[in-house]
Every structure is written in structure tokens, then in C-alpha cells.
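The following blocks contain the structures, represented as C-alpha cells.
There are two complexes below, and they share chain A, which is joined by chain B in the first and by chain C in the second.
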Partner chain A sequence: MLSSQGTVPRIAVESLTGCAGELLVILENLDKLLPYVRVVSFPFAQSQNDSGAVDITFLEGSVSNPHDLEKLKRIRAKSRWLVAVGNCAVWGCVQKSACSHCKVEDMLKAVYGQDSKIEVLPSTSLDEHVKVDVKLSGCPINATQFLSVTANLLQDHLPYITHKPVCLECKLKENPCVLIEDNLPCLGPVTAAGCGALCPSVGAACYGCWGPSQDAQMDAMAVILQEKGYAIDEVLNRLQSFGAPAKLFERMKFEVKNERV
Partner chain B sequence: MSESEQKVIQIPEICRVEGHAAVNIEIKDGKVSAVKLDVFEGTRFFERIVLAHKYDEVAHIGSRVCAICSAGHVLAAIFSIEKIFAFKASAIELLYRELLHLGMIIESHATHICALALPDFLKTPQLHDFAENHPNEFSIWLNLRKLGAAIQTTVGGRPFHPVNMHVGSMSRYPEHEELKTLQTEIDACRDEASTLCNLLLGLTMPLSKTAEPNYLALIPHGESYGYFGDTVRSSEGWESSVSEYKTYLSETAVPGTHAKRTVGNGKPYMVGSLARLYFFSERLGDRARSIYEESPLARGQSNTILNNLAQGIELVEAMDRSNQIINQLLKMERGKKLKAGDFVPADMSGAGVGAVECPRGTLYHYYELDSAGLVKAADMLTPSAQNTARIEQDITCVVEHGLETNSPVLNEDLETLVRAYDPCNTCATHYVSVKVLD
Partner chain C sequence: MLKPVVLPKNAFKLFFQSLKGLGTVYAPVKVSEKSYSFKEVHSPEEIAFEALRTILPPKKFFYPQEETLIRYKNGDFEEVQPEKKFQVIFGVHPCDLASLGILDTIFSSEPADSHYLKRREQSLLVGLSCMPDKHCFCNAMNADTAGSAYDLFLTDTGEEYFIEIRSAKGVELIKSLAEKVSDANPENHEAYKEFWKKREAAFSHGLETENLRSLLDLEWENQIWDEMGKRCLSCGNCTPVCPTCYCFDLVDIAGLNAKEGERVRQWDSCQFVGFAQVNGDFNFRATPADRLKFWYRHKLHGFDDAYGFKTCVGCGRCTESCPAGIDDIVQVVKILQGKKENKHYEP
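Coming up: the complex of A and B.
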């Protein structure tokens, strides 16, 4: 890919509200990109940054306050391709799951006092506000996936990213099933692959950090976990931890108690 | 007062730190009248997020406070819950936890020293300047951070947000072959860590005077230069159990910023590498000890910017200590994975504080569980949150010294000062003291 100026592609790496995990993955793999791109903006890693147009912006974090929203719109306007990186940007991650249980205004008052002037918004993913060209989830993103997405984009090609469940990768590794054999609350059947089935490969339950897989059957997952003896409230909390959107739970027939805040 | 006597210094966004922060300084009549480190990162309310979640989810969720010190968050959460369960982890488990933690120290310190702090001294405002003009330093950073990532991946399952560490025990123990591979990788980077320290030793400090030291750090368990403990020590001479942290530390919310200010027994204090070395330099191994002895730190200097060098010394020590731990692990049988029944009491209710020394300083996690093991209340207090008040005190001291000596401080030098704390504003905004709501 050549940028509009006929020079090396210009990329930006920016963040909204998150844990800086994607920034770290990108920074740590930068030596592989530097020969092919010009990093014009990366405030986490360099002090001289240019706000001009770029070919690709990698944006991490959720929209969690008005400043984030303004920044997102500014970034969308300057970017040919906007790549949402990480669960926060793609799904909203743990901070969004809390918003499905408690009102953000109540949390603010409980934490910073009744008359706090801090501006907050319920945490949301990027695509609730602007068009997002590529969604690369992960918590943190997988470096191999990140490099292959970038290589595709540098060849003017939109990448294919699979959203099949973690179970697919887990079976290919011939791991024993921790859900069936150990009765662990493994969320692999409803979680998007990409990590290489990290948790079940070490004998632990997948806790859903990549966000939901395509056509995630949350109701069936809840039934299985209930049959294994997990209380429905606990099951729902687990399923919602990493930003799964409310619409995936519409078919559920369970009475859910709201005991937070 | 005429207008010419008032001045405002603003740094609208400090780059090369984690998260988003700005500095505002007001000067009136030749004196600093107000300093504010303004953190404008979005709030995530972690103490609320974990509510009603089961004890075994807390470490995974808490990990998301901060990627670069995620291992520390995971361990602080595990320590807190094991205290509630009155469970003592096995010796092999503690060694693996320490090894994971050292992997984080290596990766975090290498990234902060090379990628975030050094560009001020090398004058490389953009990444490609750094990579092209200083290939040696760039490659030292890559190799050291790869080593930290390799240790964390072998023990924790990935470079950060570890998946292998749980309350009770790990879910998988590395093969001895994997540990031996790590030793080879540590050996390969040995000289680079020393080279980095020599580079740091040769840097000229841009600011001659910073605030007087006031330190706080955990007293490490055992004899080595460790990062886990249950008691804090203050340079003012007091010690206290971490379970009492709410009495010796206090926080106040400051209007318009998300970072609360924390003071220890009423005074701003510093946590992190400088504080740890101040108290425990005699515990360092030979190699780190000899670098320390040559450094201005051994001569009692406390310039805040020396925190970069202090991190370098800790990096060397972390590599040597990792090697030692692996030698011990190689002599032990591989551990046994515990089932929940092995460590979970029938009634899980209770409260506990877990604390670790993260790269940037002491991190506290507090949880209160109900009888079924669901979180009823939580609190997380991060190092960067604790350093905020001290950063503001330091800026005041530096700017006033500049005014007194008629040599105004450059904004870029103030940024270097703030950066030396290695502030992590993704953290600093989410630690909050939460009143328990029934």
C-alpha cells in the first residue's frame, strides 16, 4: 500500500479507556513493522506526534467519557482504515459488563462523592459510535493475528478474522475437555477463538476474554453450566464479564436478580 | 497584584506514559500557588466491576486494571483471597509466583527505561529516530522485554494477563526443559542488562534538586530482594501491617481529576524502585550490589530521576534471582494441581488484604467475600495513585527552586521528572476507596 502522498504508509496507534495492553503488544512488535510504515502518532511511545491524516489507526479502549467520544470522532475522520484492537474497543470489556448491572452515575457517586464533577459515559465499543473497518478482539490481542491483519491492510486487503469458538482451537490441540471432564465453568463454546485455546491448554477454564464467538448460544451454555451445579446468577456474571452484548441474552428465560450497587 | 506576576505552566498531554495525564502549574508572586496532575483517563470503577463475581474470577478481572503490571494485580488478588481462606500456598507455588513476578519486573522496567524514559536523554522524539540512530539501545530493549515476556509466558501462559495462576495452585507446571530454556535466555541477556545500567549511570540529570525523600515499601518475606510481604516500612521510622492500610494511608478526591491523592500518615510519599533500594539494597545479589555501590544512590543521593537507574539495578537483580529460583525449582518435584475442595473452606466469608511490590510500587487489593465466595466489597490501591501527591510535591519543589535561582524550569524537564515515576494512569484512575454498601 502506498499512502496518498506516494510515500510509506502512515500509521497511528491511539487509545481511549483501557489497560494499555494493545499498546504494549503493538509496541513490542514494532521492530517488525518499522521497515514498512511511518509511525506518525503513538503518544504512549513517542513524544512528537502528528495529528494529520493516516492510512491506518489502531485504536484500543472503550468510549467511557465525553473526551473519549470526541477523540474517537477525530480519529475516525483522519483515518482511512480504523482498526478496533482489543476487547475494550470491539466489545467494551469488563467496564461495559459493569454498566449492564449498575448505573454509571451511581458508581461515580459511590466512588467520588455526591457532587463529583467528573464526566462519565456508560462504557461502549467503538462501533456503537462510528464505522469500524476491522475488529480485532483479544485481551490482549494476539501478536500473530495483529501482524497478519497489518500485513493484509498494507497490501490493500481487508483481513479475514475468524470468530469460531475457542473449542475449535482446543480440539485441534487435542486437549482433554475441562468442561466435560473436570466440570470447570469453561466458556470456550461461546467465546471467539484467536488465543490458541490458552486456558484449557493449561487445564483451566476459558473465561471469555476474547468476547463472544459468532452465533454464541448463551442460553445453551447457561443450561450446561446449571446442569453442572453452577448457580444461574454466577453463570450470568461469568458470561457477561468480558463485554458480551445484552442482545445475546434475550432468549434466556431465567429470572435474574440484580444484587450489585 | 499586576498580571505580570501571575503565570501558568501547562503540559496538555504527557506522552510516553501509560494512560492520559496533563500537568497544570500556577505561579503567583514568584511562588507556586497550585500544581495539579490531571488524569483524564476514563473511569472504569473496578471495585464495582468485581462485585457479585466469584472468588476465582477476581484475579482475571483485576488483571485488566493494567496490562504491564497485570501479574502483580493477579497475585495481589490471589494473596487477598488466600488470606480469607486461611490457606498457605506450597513452597513450589510461591517460587513460581515469584518467578512470574520477576518476569513482569524485567519486562516492565525494560520497557519503561528504554522506550519511555531514555528517549528524553537520547533526544529521539519519534520511534524511528530511536530505532535508526540508537540500534544498540533499541535491541537491548527488545531482547530484555522478550526475556520478561518469555518468563511470564512459561509460568503464566501469556506475556501478560496470565491464565495459569489461580487461588490455591497453578493449573499447569512448566516442564524442567522449559525452565532450562529460560536459563539459557537469561544468560544470553546478562551483559545487555549491565550495559543498560552503565548507560544509565552515565546520564546527566536535567534537574539538580527534587523533593526530599519520603519512602514507603513492603518488607519482603525471606532474605532475598523480594516483592511480596505483609508489612510496610516508612522512611519516617514506622512500620505497619498491610491489613491496616486504610488507617495509615488516606485518600481524597480532587475536583476535576480522576486520580485521587493519597498521603501516608498525612504526608506525600514515594513508592517504587527508589524506595525499595533505599530500604533493602543490602539484600541485592553480587552483580546488582556492585552496580548499586558505584551509583549515586549508594552515596545517599535521592534525585527522583535516579528512579530510572534504580529500575536498571532491579532489572539486573531480577535476572539473577530468576536464575536462582529456576535452580531451586529444578531440584524439586513438579507441583500438584489442587482442586477447589483442597483450599476452599465451607464458609468462604471474610475479608483480606493482599499486597505486592509492583514495578511502580506497592499495590493493595482488598476483598470481602460472602459465605458462597461472591465478592461483597473490594478496594484496589495502585502505586501510581499513591505517587500522585508526591509528583505534585516534586513539581512544586522543582519549579520553586527554578524561580529562586532565576533559572526557569523547562517543560520538557518537568516531563522527564514525571516520567521518572513511571506513572501508569490506566491504573491511577481506577484505584478508589469504596465505602462498603450493603
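Coming up: the complex of A and C.
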């Protein structure tokens, strides 16, 4: 890909409300990109930044205040490809989940006091406001996937990102199943892979931080966790922690059965 | 086939040393409270002789979970060949040997999979007898005897191993142990027969498979598929653990400079929604019920016409690995046959 100026492609790495996890992954891998791109804006890592047009912007974080929204629109306007990186940007993450449980104004008052002048918005993912060209989830993102996405975009190809479940990566590593053997509330079956089944590989339950897998069967997951003795409130909380959209829970209409073949 | 021989158990260490002399030895190892896995072992003490089923079947030694097939650079490409490395797989039970026989047929059908065949060539398979548990039904699937895909097969007759020798590689190994093994005498043969009689009597599944072929077609619209589909997580656990599932995905990993990259294949699963999704956002098997039903048919009937065998070997791995409890093939077939009331899968 040649940039609009006919020179080396220009990239920007920006953030809204997030934990800088994706920025760190990108920073750690920046040396691999540097021969092929010019990093014109990366406020987290460099002091000289240019706000001009770019070929690719990698944007992390959710939209959680009016300033974020303004910045998002500005970034969208200057970017040929907008890549949402990380769960916050793709799904809205824990802050979106919190906003579905209680009013954002109440949270503001509880944290910053009654008279706070801070402006807030209920947290949302990027695609609720602008067109997002590529969504690369993660918590944080996987470096190999990030480099592969970049390689594709540099060739003007939209990358293919799979959303198979964590169970696949877990089985390929031949881990004992913590959901079956230990009855842990593992969300591997409904969570997008890419982390290398990090938690189950050390005997812990997946808590869904990469967001839902493609066609995640939330209702079946809830039934199975309830059969293991987890209360439905606890189960729903767990399933919704990382911004999984409400429409995935529409089919939830099962009665709980404990009897099995 | 040579005449069988007998190896006293107290000479197993020497037998193991001979295996080690051939290459890397893999055997079942205990990896958790309930699970076993084929892993590299350096001494007989590491082997879990009691292991019935490992998490992944031995197909992983010939068709690894992930492998680079091609590397390309500046317009040229090279095919990546499997590593030259002799491997000994010890402790393979009859169902898994039967599964390798099935995979041998499939992978050697044209266009043959040279990677699989190469790895098969540079390996020695040592079978080991076992006693079935409640999930085993290999004898109902014609997969309860050692079949053809082995070099040596050990039957545990108490004080000795009764060893059947199938291949030239097996003969060589036994020859190297000439001082420790002896030809099986009538008494040993009796003990061998006794073991297999006892084993046959230990199966508790009660599965009859004569009408499977028509059953899967006739019961295609049975409501059990939708009922089970509602419980299905589409996690895909049933397929990597299946000793005869071989579907894969190909991924091109491009280098940043657009001049080089590689093509990788990784195990895939028909249980994932993207598996049968094609251009135009059309999906041949859009729901978990569609995919689950497809898999059952594939295992129990799909290969009847093309190959004349079924690809389920009755190892029970899917039953044990399904978090939703819907891969209990024995019970599902009985329900389809009308021999068991379906009161468990109703929504």
C-alpha cells in the first residue's frame, strides 16, 4: 500500500477510555513495523505527533465521555482504515457491562461526588458511533494477529479474523477440561480465541475477556453452568462482564434440568 | 505375521530400552485427576498403564494440531517437509489402532496426504490391551481387536505380555530381544484367550448397530436433534478428541513486507458456525442442531457408501469431553432406535 502522499504508509495509534493494554502490545512490536510504516501519531509513546491524514489508525478504548466521541469522529475522518483494537473498542468491555447494570450518573456521583463536573456517557464500543473497518478483539490483543492484520491492510486486503472459541485452542494444547473435570465456570465455549487458552492452561476458568465467539451459545452455556450449581444471577453477570451484546441473550428461555443421560 | 511371543513383565524395562533405541517414545501419561495424554517418556515409570483414553487421540502424531505446509518468498514457494524423526507410540488401545487404520485409508486416498503418510512411515505403533469402562463401545463398532494398523500388540495376561507381531519393524525389534522373549506356548495362548473373553464380557453399553445405516437416514427429522441442538455449545470439543475427525482450516500468514509468508493448517471443527459458511453469508449448517446432526451422521453412516466402514470407533472420548452431555452416542442411538425413552433432552 502506498499512502495518499505516495510515500511510506502512515499509521496512528490512539486511545479512548481503556487501560493501554493494546498500546503496550503495539509498542512492544513496533520495531517489526518500523521498516514498513511511518508512525505519525502515537501519543502514548512519542512526543511529536502529527494530526494529519493517515492510512491506518489502531484505536483502543471505549467511548465513555463526550471528549472520546469527538476524538473518535476526528480519527475516523482522518483514517483510511480504522482498526478497533482490544475488547474495549470492539465490545465495550467491563465499563459497558457496568453501564447496563446501573445509571452512569449514579456511578459518577458515587465515585467523584455529588457535585462532579466531569462529563460522562454510558460506555459503548466504537461501531455504535462510526464505521469500523476491522475489529481485532483481545484483552490485550494477540501480537501475531495484530501483525497479520497490519500485513493485510498494507496490501489493501481486509484481514480474515476467526472467532472460533477458546475451547479449540485449549483442546489443541490438550489441557484437561476445567469445566468438566473441576466444574469451574469456564466460558471457553462461548469466548473468542486468540489468547492461546491462557487461563484454562493454568487450571483457571476462562472469564470471557476477549468477548463472544462467533455464534456464541449463551443460553446453552447458562443452562450448563446452572446445572453445575451456579446461580443464574452469577452466571449472567459472568457472561455479560465483557460487553457481550444483549441480542446474544435473547434466546435465553430454558428451564433448568439437572437430569442428564 | 510371525508367531506370537511372550515377554515376562519383569523384562519390560529391556523392551522399553529397545523402543527407545528406535526413536522418541510417546506413551499415555497422567496429566490431571482424570485425564491422560500421550507424551514423551524416558522410562517405564512415567507410563500410565492404566490409562483408558487420552484427551487427544494418537492421530496428533501423524496429523499434528498445527503445521506449516508451505513457505513462500519473492514469488517462489517451498513445501515444508515433516521433520525426519522416528517416533514410537506405546500403549495404543484397539479403538485407536482401528482409527489409525481408518485415517490411513482416508489420507492415502488420492490426492494422498504426503505429510501424514511420511510420519506414519517413520513410526512404530505398539498396541496395548485394555478393559472397557462404561463409555467404551468399540466392540459394537468393529473396532475392538487390533486390526492392521500396528507393529506389535501387547496383551496383558497377568505375569506376561502376550505379543502379536504384525510388521517387519516389529520383527526386528523382537529379534533384538531374543534372549528375553519366548514363543507363546499353549498355556500362554489359553491365558490370551481368557483375557479377551473377560474383556468382551466387561462391556456394558448394550448397543446394537445392525440398523445404523438406515437409522441415521430415517431419523433425520427426529426431534432429538433440535432438542440436543439447544443444549449444544458449539464448542467443538467433540471433533479434536475424535480419533477419526480430520477436518482442517488453512491460514495464510503474510509477512509485513508482502514478499514472504507461510501457509499453516490447523485442526478445525464442523461444529463451528463458520465451517459451512460460504460467500453471500449463506450457511449450509447454520444452527447447532444442523451441525450436531451432521457430525453424528458423519461418524455413524457418512462413510458407509464411499468406503464401506463407519468412522466411529467407540472410544467414548466425545462422550467424556462434551460439557453439555449430548455426545453420548450410545444413548442417542438407543433413543433413535426406540429402545430408550427420550426424557432427557426435552427443552
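FYI, the second predicted complex is superposed on the first by the 252 of 261 C-alpha atoms of A that agree within 3 Å, B and C clash if a C-alpha of one lies under 4 Å from a C-alpha of the other, contacts with A are read in each partner's own complex, and residues count from 1 in each chain.
Here is the rule we use: a residue touches a chain if its C-beta (ideal position, glycine included) is under 8 Å from a C-beta of that chain, and two chains touch if they have at least 3 such contacts.
Worth saying up front: this structure is predicted, and the values here are computed from it rather than measured.
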Quick one: chain B and chain C on chain A, clash or fit?
fit
With the two structures laid over each other on chain A, which partner does A:77 touch: chain B (first), chain C (second), both, or neither?
neither
Which partner chains sit in contact with A:158 here, chain B, chain C, both or neither? Use first/second/both/neither.
neither
After the two structures are overlaid on chain A, angle v-u-w for chain B, chain A, chain C in degrees (C-alpha centres, nearest 10):
110
Kindly classify A:116 by the partners it touches after superposition: chain B alone (first), chain C alone (second), both, or neither?
first
Looking at the overlay, does A:48 come into contact with chain B only (first), chain C only (second), both, or neither?
first
For A:30, using the defined touch cut-off, is the partner it touches chain B, chain C, both, or neither? Pick first, second, both or neither.
first
One more residue to check, A:64. First (chain B), second (chain C), both or neither?
first
First (chain B), second (chain C), both or neither: which does A:150 touch?
second
I want to verify the contact counts: of chain B and chain C, which reaches more residues of chain A?
B
After the two structures are laid over each other on chain A, how near do the C-alpha atoms of chain B and chain C get, in Å?
11
I'd like to check the shared interface: which positions of chain A are touched by both chain B and chain C across the two complexes?
259-261
Can you list the residues on chain B that touch chain A in the complex?
13, 15-20, 40-49, 51-54, 57, 60-61, 64-68, 70, 111, 115-116, 119, 125-128, 130-131, 138, 142, 145-146, 149, 157-161, 163-164, 166, 170-172, 253, 255-258, 337, 372, 374, 415, 424, 426, 432, 434-435, 437
Where on chain A does chain B make contact in their complex?
15-21, 23-25, 27-28, 30-31, 34, 38-39, 42-49, 61-65, 67-68, 93-95, 97-98, 101-102, 104, 107-108, 110-113, 116-118, 120-121, 123, 139-140, 195, 198-199, 201-204, 207, 209, 231, 233-234, 237-238, 241, 259-261
Taking the touch rule as given, give the residues of chain A at its contact with chain C in the complex, in rising order.
32-33, 35-36, 144, 147-148, 150-152, 154-155, 160, 162-165, 167-168, 171-172, 174-177, 179-181, 188-190, 214-215, 217, 219-221, 223-224, 254-255, 257, 259-261
Counting only contacts in the complex, chain C reaches chain A at residues 31-35, 37, 55-56, 60, 65-66, 230-237, 240-241, 249, 251, 253-258, 261, 266-269, 272-274, 288, 320-321, 323-325, 328, 331-332, 343-345, 347
